[in-house]
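The same chain A turns up in both complexes below, where it pairs with chain B and then with chain C.
Moving on to the complex of A and B:
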């Protein structure tokens, strides 16, 4: 048994393994939104197909799930059905709001006719709301508590499990 | 159906690999010929099962069968057939499956080419490779199962990452790199076999060198193609950024390069046996570390597939392989006695030693810089990044020293060099050094490091050419053969020596081109309206207009530029902006217009339809295409070095004939 080889080998590799093991569970690509923990930027947007504008301020008192999406975005299509279901089952406690980003009225209406529509879809003309929320791409979802504070943000398509997790966080924040 | 069949194939491969691993060890210990036969059969079976599982997945991908989890994850009705086919290696689970196929292929090939090799270490070697196979097959069967059934099958999927759909290089870069990574299992297995059997004879050295060189070739191509892909696709104007994953591929390349050199000393002088085997084991372990870095989501990189749960499994395997290797080395390294002493301070042997020292120093430096952010995060909880300045500061002097060594080493004689020979070696490449440095000065280089690098490169290029052509030259002068015939007969007698000089030439071209392109590059960032122009390096570009084309999976917006020099238009360049329907942001495709002196590189940052203004980054990248050419030459050299020469193959055949029968019959088992 060559003790020198053993010592040098272990001296290099054991710390390396420990360091690599400590790196688990941290997502290196994650950049936290500076908006989390702050007042949600106000907006007032017209629903698709016309009607009276809806303002964020008018929704205070109820937690809000604010989902930015578009018809041309495939990940948005994958989460659409699940969000409709969730809005149906949680609608009494939580207000779901969709904001459609960079899209056309006719396309949105056609999309909603085919895939169902269970909550307001607001049209973000010129992307002002998206800019205010620092939307980086669609879909992105913000969780806003009854006092209008952003509790969390999720990028990418939601699954039912992920949504439930965030909704729980939202209810606890009350 | 496909799901069940795929799972069955993978489970069978777990069984085959496990049986083969035990069979190999048993055959090594007992010397039993039937155990050996079964081990070989299991190796072929393992390869067959892995290839069949991959073919099955290809079928699911091309037929867009979204009831298979991996096909649902990366497939899309909207992608062309070739994208569907290559998406096998576009994401985590599929790439591991593909990995399994290459592993199987390598094991089967090593087994096949050494089916009559009598070395007592070979059954151990195949057994070791099959043990690695057990891990990968297990990974595919469990944590990274690509054959999970999906019910109900979704009507459509998101398709592979658009960055990977953007360029044809994506078809070849990953397979080459995988072959370079996975193939290291072959030298690893052979080295472990040598340690277990306690011998490092000629019949083991030959396959060891062959497979190390083959895999080195793949790794070289894989790394360079990766740089080329990044250059052609990512649009930031560079080809290397010391990204953790790039580093991960460089690390085993460095140790493999060191091992190729020290292996020569083992062959010629019978020295440095333990050290060489250590380098080979380290090379394999670094490929596993590199795989872990790409696949675990611990590192931040273009390559990382985040949210992966195979990380812990991989780390466990890495830890086991490390501990096994260290234990084996410390237990058996004493068996590898040197046949001679290393004497003389100024021989070619010493140059090889310095080469090894420099390469290992570079390896440790890069490794440290790569894991340092993790160390800081573990200790202080904050994330930092180690950027290019650290790596450049450390790597540039080492790289220049290695370049110089590529000149001085081959000029030195074997054995002991006298003062006169040493002096001759030291001045032999001076003309080349002066020419290269002068060319640099004339072309406006005032960077001291670049001039030193150019001089070292020129020195080495001259010595390399002299050494490579010396035998043919002597033959031509002495025998009056015409120069081409002289070269041909030199090649037929020993292409190995020639091959290694061709590799050196390729690597030198790469080193010089990297030095020039990284120090002399120019860039400018501009916003242009139609008809406006900008300048980069010696060239001008004028914005002509935009046009858009709709394709199945994306909308391509083309931005047209005219390239000119001194007012004379000589080409049009069309960088693009691609809007993938399945993607959140647009992806640019830069346009690279290559000239021998350098590339004009245009990358569109933004296109504003309303105002008609484009945002553009333009680069002048000197000598970049020489890097790709140099890699081609290096690979050609590797193939030349692997080509069996008439004399050598005849000698080996005779040797094998006389040695084979008694060795197998005696079944000399070591430990």
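Moving on to the complex of A and C:
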């Protein structure tokens, strides 16, 4: 075969195969967050049931586990108990914050009464905080280092093992 | 259009008025991310028209192939409402899309930008066609045989003689013996031809 033709053929097919091979290795439903490695979008949200708004800026100096959730979301219910336990055991070192997305105050209060409330649950009316964080659906959890930088994002319900792994990452970023 | 405006107003009411502190934090963040509003604040029918136009350029993050203008999902409706608010504050189309892009990535654009890796995706089919054409042209060129001389494959006439004098002499001798022509020359022609 002519060498020039072979070179042109390889020049076209090899990059295509490389691109496809890289693509096949990824979950097509997963899109990496452009926020990881950047400063966490600030927010100032009112807790469920009222009270003074809580600002992310006021939590600087401590690693933050920011969990977007809703009472109507079954996976959120699954991880809720584990997050409460984690907040109880790690609360001295890490600040857990819940942001409730697209939900009603009364339903949230009822849910927290029945399932426990170990850390602030903030209401995101209009979903602006969720949009600023590029949330696709709940549950989604962001791990923010003490300087306010997003270290990682996790989509889906957290298990104790997954949470521990991310918390270690957060502590190392300290 | 009036129905759409009424629907947006209802949605805004349903979301409830954001607290002053929440609004101020968001405003500061917006300016930090995309700069101060680049245009004039819109209102009325123009605001509704532009909301729909800009929303049609933003992909719904939780839907399959629809924009936030047409999707009924809560996320899309929230994003459309925020687009409405930002246009009313004077933010421009590119500023609004950029704000969503910073949170969701370039995926959020209904019309991807034609630079970087995207430019390669646009150019690749053209390059493949050009490369293929070049390959075929080179292949045809290298496989082409040299043209045969006009006389190739043509049998010499009975009266023609080779150019070599020795060979011509031998041919004439053979003709004399074979055909009985005196001197090997055909009786039809007075003088033998040379090829």
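Before moving on, here are some points about what is shown:
In the analysis below, the second predicted complex is superposed on the first by the 145 of 174 C-alpha atoms of A that agree within 3 Å, B and C clash if a C-alpha of one lies under 4 Å from a C-alpha of the other, contacts with A are read in each partner's own complex, and residues count from 1 in each chain.
Note that contacts are C-beta pairs under 8 Å (C-beta built on N, C-alpha and C of every residue); 3 or more make two chains touch, one makes a residue touch a chain.
No experiment lies behind these values; they were computed from the predicted model shown.
Of the two partner chains placed around the shared chain by superposition, neither chain B nor chain C is touched by A:141.
Touch criterion met: A:5 reaches chain B and chain C at once.
In the superposition on chain A, contact is made by A:72 with chain B only, not with chain C.
When both complexes are overlaid on chain A, the residue A:33 reaches chain C alone and has no touch with chain B.
In the superposition on chain A, contact of A:17 is made with chain B only, not with chain C. In the superposed model, A:95 makes contact with neither chain B nor chain C.
With both structures placed on the common chain, the touch criterion links A:131 to chain C but leaves chain B unconnected. Counting contacts by the rule stated earlier, residues 2, 5, 9, 136-137 of chain A appear in both its interface with chain B and its interface with chain C. Within the complex formed with chain A, the residues of chain C that make contact are 15-16, 18-19, 21-22, 24-26, 28-29, 61-62, 74-75, 78-79, 81-82, 100-105, 107, 127-128, 131-132, 134-135, 138-139, 142. Across the complex, chain C is touched by residues 2, 4-5, 8-9, 11-12, 31-35, 41-46, 53, 55, 102, 125-128, 130-137 of chain A. Across the complex, chain B meets chain A through its residues 76, 154, 156, 158-159, 278, 289, 292, 296-301, 304, 306-307, 311-312, 315, 318-319, 322-323, 325-327, 329-331, 333-334, 371, 374-375, 377-378, 383, 581-585.
Residue ranges of chain A in contact with chain B, taken from their complex: 1-3, 5-6, 9-10, 13, 16-17, 19-24, 26-29, 72-75, 78, 136-138.
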